[in-house]
Amino acid sequence: MSKLPDKYGHFGLYGGRYVAETLMPALLELEEVYSQCRRDSTFKRELRALQREYIGRPTPLTFAARLTERLGGAKVYLKREDLCHTGAHKINNTIGQALLAKRMGKERLIAETGAGQHGVATATVAALLGFSCEVFMGREDTVRQAPNVFRMRLLGATLREVVSGSQTLKDAMNEALRDWITHVAHTFYVIGTVAGPHPYPMLVRDFQSVIGRETKKQIVQYEGRLPDYLIACVGGGSNAMGLFAPFLPETAVHMVAVEAGGLGAGRNAASMANGYAGVLHGSKTYVLQDETGQISATHSLAPGLDYPGVGPELSYWNDQQRIRCVTVQDAQAVEGMRLLAETEGIIPALESAHAVAHAATLVPQLPATAIVVINVSGRGDKDLQSVANFLGENAL
Amino acid sequence: MTRIADTFTQLQARGEVGLIPFITAGDPDLETTFALVHEMARQGADIIELGVPFSDPMADGPTLQRAAERALQHGTSLSHVFELVRRLRQSLPIPILLFGYYNPIWRYGGERFAADARQAGVDGVLCVDLPPEEAEELKRETDRHDLDMIFLLAPTSSLDRAQKVLARARGFIYYVAVTGVTGVRAALPADLSAMVRRIRAISPVPVGVGFGISSAEHAVQVAGVADAAIVGSAISQVIEQSLGRPDLVPRVGALIAELKTALRSVATPHDTGTTIVSLRS
Amino acid sequence: MSKLPDKYGHFGLYGGRYVAETLMPALLELEEVYSQCRRDSTFKRELRALQREYIGRPTPLTFAARLTERLGGAKVYLKREDLCHTGAHKINNTIGQALLAKRMGKERLIAETGAGQHGVATATVAALLGFSCEVFMGREDTVRQAPNVFRMRLLGATLREVVSGSQTLKDAMNEALRDWITHVAHTFYVIGTVAGPHPYPMLVRDFQSVIGRETKKQIVQYEGRLPDYLIACVGGGSNAMGLFAPFLPETAVHMVAVEAGGLGAGRNAASMANGYAGVLHGSKTYVLQDETGQISATHSLAPGLDYPGVGPELSYWNDQQRIRCVTVQDAQAVEGMRLLAETEGIIPALESAHAVAHAATLVPQLPATAIVVINVSGRGDKDLQSVANFLGENAL
Amino acid sequence: MTRIADTFTQLQARGEVGLIPFITAGDPDLETTFALVHEMARQGADIIELGVPFSDPMADGPTLQRAAERALQHGTSLSHVFELVRRLRQSLPIPILLFGYYNPIWRYGGERFAADARQAGVDGVLCVDLPPEEAEELKRETDRHDLDMIFLLAPTSSLDRAQKVLARARGFIYYVAVTGVTGVRAALPADLSAMVRRIRAISPVPVGVGFGISSAEHAVQVAGVADAAIVGSAISQVIEQSLGRPDLVPRVGALIAELKTALRSVATPHDTGTTIVSLRS
């Protein structure tokens, strides 16, 4: 694990704990409990058992033969987080946090969700471990991710539709924080990405790092060496950090973070490409905002990327130029989804399709000896309706 | 000595509990805010807390969220707030405290913010999402420009933490009455008085209590233990209910008068002299 | 592998090859190719690699702690076919058949589908291995499984909506057979279950037996012994035979096949419980039919069970009383779905929910020392709309 | 010698190619079927192929699917078909062949089926989905009751397989003209004649050709190589187009007459005498 963040939760300029005083004690307690648990072999054993026997880890690293052939450049491998229980990498994190919540004696989990994947993953672990659960979701997202709303309900969670602000992920997170401030004594807030106040960016990264650790082992097994490129989409950055973190010391491995270019200038969610350092939801990081510091409305067809911030650690590595940040627009992402579906029989989530779309432009420029790993962070089932609408098909 | 400290000294001298009303700058427009501040001062407000609207007010309930939305609809920014304070200062003697979230300040630039705030006539600043751990950079600037940076304590704060926060306190300490967001409430927590008493016993600065003080009864309850009562959502509710009405300003004035009268009816709290070992009973 | 069927494809009275003469040469060729492949180490290696690196096998065997506690009887384990790529066990089979098709030099795959799962699984392997693909689906099913229709299209398959007969799975299979008769020279018919003419019931069973082989290894690892009960739902019977087959020689292991009781008498799809021996779609087996031998219309909320026949091997073992056959109705299945969702955070397919629902009545009658394995043959995402409709919720 | 074999002997003696029309019993009702059979016989049909409707006719195209659906709408069953044949037999001298799927027969019971069929006056039976491998049980019964069980060969059959099937043949062999299901087609396969010639060269029984024979031209094409032409969908199409019309029966009659005339215009095929090593050229 990386030496970052420092003891204040800072990744260089970024990170920290910008929260209401009411929450500070809970964050300090969480930090303390987490630092015990990460050294506790019972905790680690329990986590590993659930990863293996419940989530279905390790997820495969699939050689994409036909995609490789189609793109005509580097060899392409896919890290298959789409095969995780509930359909995305999100559960790697919610399982970990739910185990922490159990340690802390909490009875209730809350979560914000955009795509609904983190909401489903939280509702899932709540059911599994016997917590009550409420999930905050912007009304706009409840419409475009309706099946996930029903999944959460089936899992016994209560859905809290958020009608304030832009009614998307950022507002859901505001509401979740408000609920947490109000019920902090018995409630654990399960944050869905490497954002939020310290220690969340650190612990979510750690729980997601299983992606990168497995990838490292698998690629060495298949190819006898490390990959040249890692590509991951970035909403808050948890699947990206999960893949990247174990490779950070390997300086020959290039890392590409793909942000949501949405519909182009002014209608996107590319916080690192288009944002400025700022403070949102508890940490300092790149934030899409206007010149007076008001947070911008964002757009991405991929609801999991439709967020004006990004995890502070990504901001840090971006400044360090350890990771390179690119953008992919809605239409390209849909093409990326089709490309992977038609060549490999894998329908990626729209979020992950951003990574595929970038690979489609990068890979042809690389020599055949190069190796590229794309993180397929989730499956696309949740996006079928939006893509059908986008394509103007009424066939769904 | 800052104008805020001064005000508390005078209040104590008069044996009075202070009234600190909160309104959002620019709700519903800056002209009304100007009129409201003057009216509130006239009706007995001791310090004015002026909200700097923010798009994502994560510690606020629906009432203050809507107030901020109204203010942002016509783009109320920090520059507008400074301009407003500058105008107010021409005739307003009482302290003005800016209340808001950190991002607009950070984006404005901490140094520039402190300089412009001081120059406009601001007396203090309170960032809801800037606990002492993250405040140092800004505090360096506000200290340099002799602005009070107000910190908060909450029902969840441990004694340890209270001591740490109080060590940095200037002006007064803001005690959050409820474990929750801003907003009117039917009742205040049963252990509120005990908590405030304990904090006051170890605080080097006066203690104001806010969040959820919604009525004259609440004000009286707080007045028994605190140095000041901070009232926000209850006022914004009156503003909201009076939108478009010619008597918006006097209606708010009437509420302030009522609150002030209630506060005046209560004797100032006296030091209990207890040794505090834990904040929570 | 079992010694059944005999060289004519007979399981006792059942099975065989009841097809138009046009198809006989293709079936004989398939039998021949399959018998080579099952002894061919290259084929086996290729299949195993795809199982591991593409499907995501082995799937976990999950101990269901909270379900066990809730039911208060035997210990319950879940075999997690819901974690297979594309969301159900179906792909275990389509991968195998697609590899055979490649061996045979075919260019085109066709398939029938009810729930859409087999159609998606076929479209998936077609994309993966570069076949063209057409999927036959009854119009009624295209409506109730709309997301799967869109998935198949994204995967590049052509959907052939079937408007003849009852417009469900049986009619889709008729149409697929008609297409096969017409294009048999270059087309491989990927049958989705252990039904159809010999050698399909045998080869589908073999490809699905990976479920039972893994289960056997896993339960011995966790419990040091074999389970007392295996429970699986039965549409055509592929997930059931896949789980049961490796346990057939273990006479102490009870096997329960759960058929679709639908809405009760006259409106169900329980071929073994309510049918008679007959000939449908190429083999002799239990078939729901009237006294003149016309095939009955069926009903199940679970489209994958909504079929009037059953694999011939199940008919055989049912007669032998080696497996016990029970029925579960629509409403109980929906309760089974909720039960597993709320206790374990797993939303099973409506088909699999039949097995869960039976477990809910069986498990409380067993001692705490008993061990039950439920085959969670697929995940429920495809069923959310039908269940919402069934429950009268418009919240989806 | 059965009535079917007899018919082919007479045809050969006359140097004629047989016409075997197919209609579905009960389409649109049994009375019409009764009338149709008589009319077809009158217009020159040599053998009548009577379809036993089945709910899942997997080897049939849309035309015959719809014919079966019409027949099943009023529940046409095997018993009804036997009853029809019994009535037809009172005045019909030509052979009647039942054509259908195995399940209704199996459900009726093989032994009972064969006995009742014979007793009703049926001469042969053809099960589309009962290849020789599965036919033994039923064939034992049909043999015992001296019914001809007719087997099929297809364009996909290998020489090996043809020999195996021909070894069991009785009455005639049904050669499926197209790789596909029943239904009218614009053209027959180019290699049809060659295939039929090769089969005929090794067949101990006459060869009828069916599936896709949709016009007089097709019939003529087949007549050059086969012993009989079997016409199904083309007739069912006329029935469908004439539903509810008083001239349904004569319209079908006219088609039969036209086909028969076309067939009579062609000379019977003569044995080629070639040695067959492969069915496919």
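The chains carry the letters A, B, C and D, assigned in the order they are written, with residues numbered from 1 in each.
As a working rule, a contact is a pair of C-beta atoms (placed from the backbone, for glycine too) under 8 Å apart; a residue touches a chain by one contact, two chains touch by 3 or more.
Quantities reported herein were computed from a predicted structural model and do not represent experimental measurements.
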- Where the centre means the average of the CA atoms, what chain is farthest from subunit A? D
- Per the centroid of Cα atoms for each chain, what is the distance between subunit B and subunit D, given in Å? 97
- Taking each chain's centre as the mean position of its Cα atoms, how many Å separate subunit A from subunit B? 38
- Item | Separation of mean Cα positions, subunit D and subunit A [Å, integer] | 66
- Task: Provide the list of subunit C residues touching at least two other chains, using ranges where the numbers run on.
- Result: none
- Hunt down the residues of subunit B that sit against at least two other chains at once, touch-wise. none
- Task: Considering only which chains touch which, label the overall pattern as line, ring, star, complete or other.
- Result: line
- Message: Show me the residue ranges of subunit A that touch subunit B in the complex, using the header's touch definition.
- Response: 8, 16-26, 28, 164-165, 170-171, 173-174, 177-178, 181-185, 276-282, 284, 287, 289, 291-295
- Task: Spell out the part of subunit B that touches subunit A in their complex, as residue ranges.
- Result: 54-62, 65, 72, 75, 77-79, 101-108, 128-131, 133-134, 151-158, 161, 165, 176, 179-181
- Message: Give the list of subunit C residues in touch with subunit A in this complex.
- Response: 52-54, 56, 59-63, 66, 80, 82-87, 123-128, 130, 146-147, 149-151, 153-156, 337-338, 341-347, 380-381, 384-385, 387-388, 393, 395-396
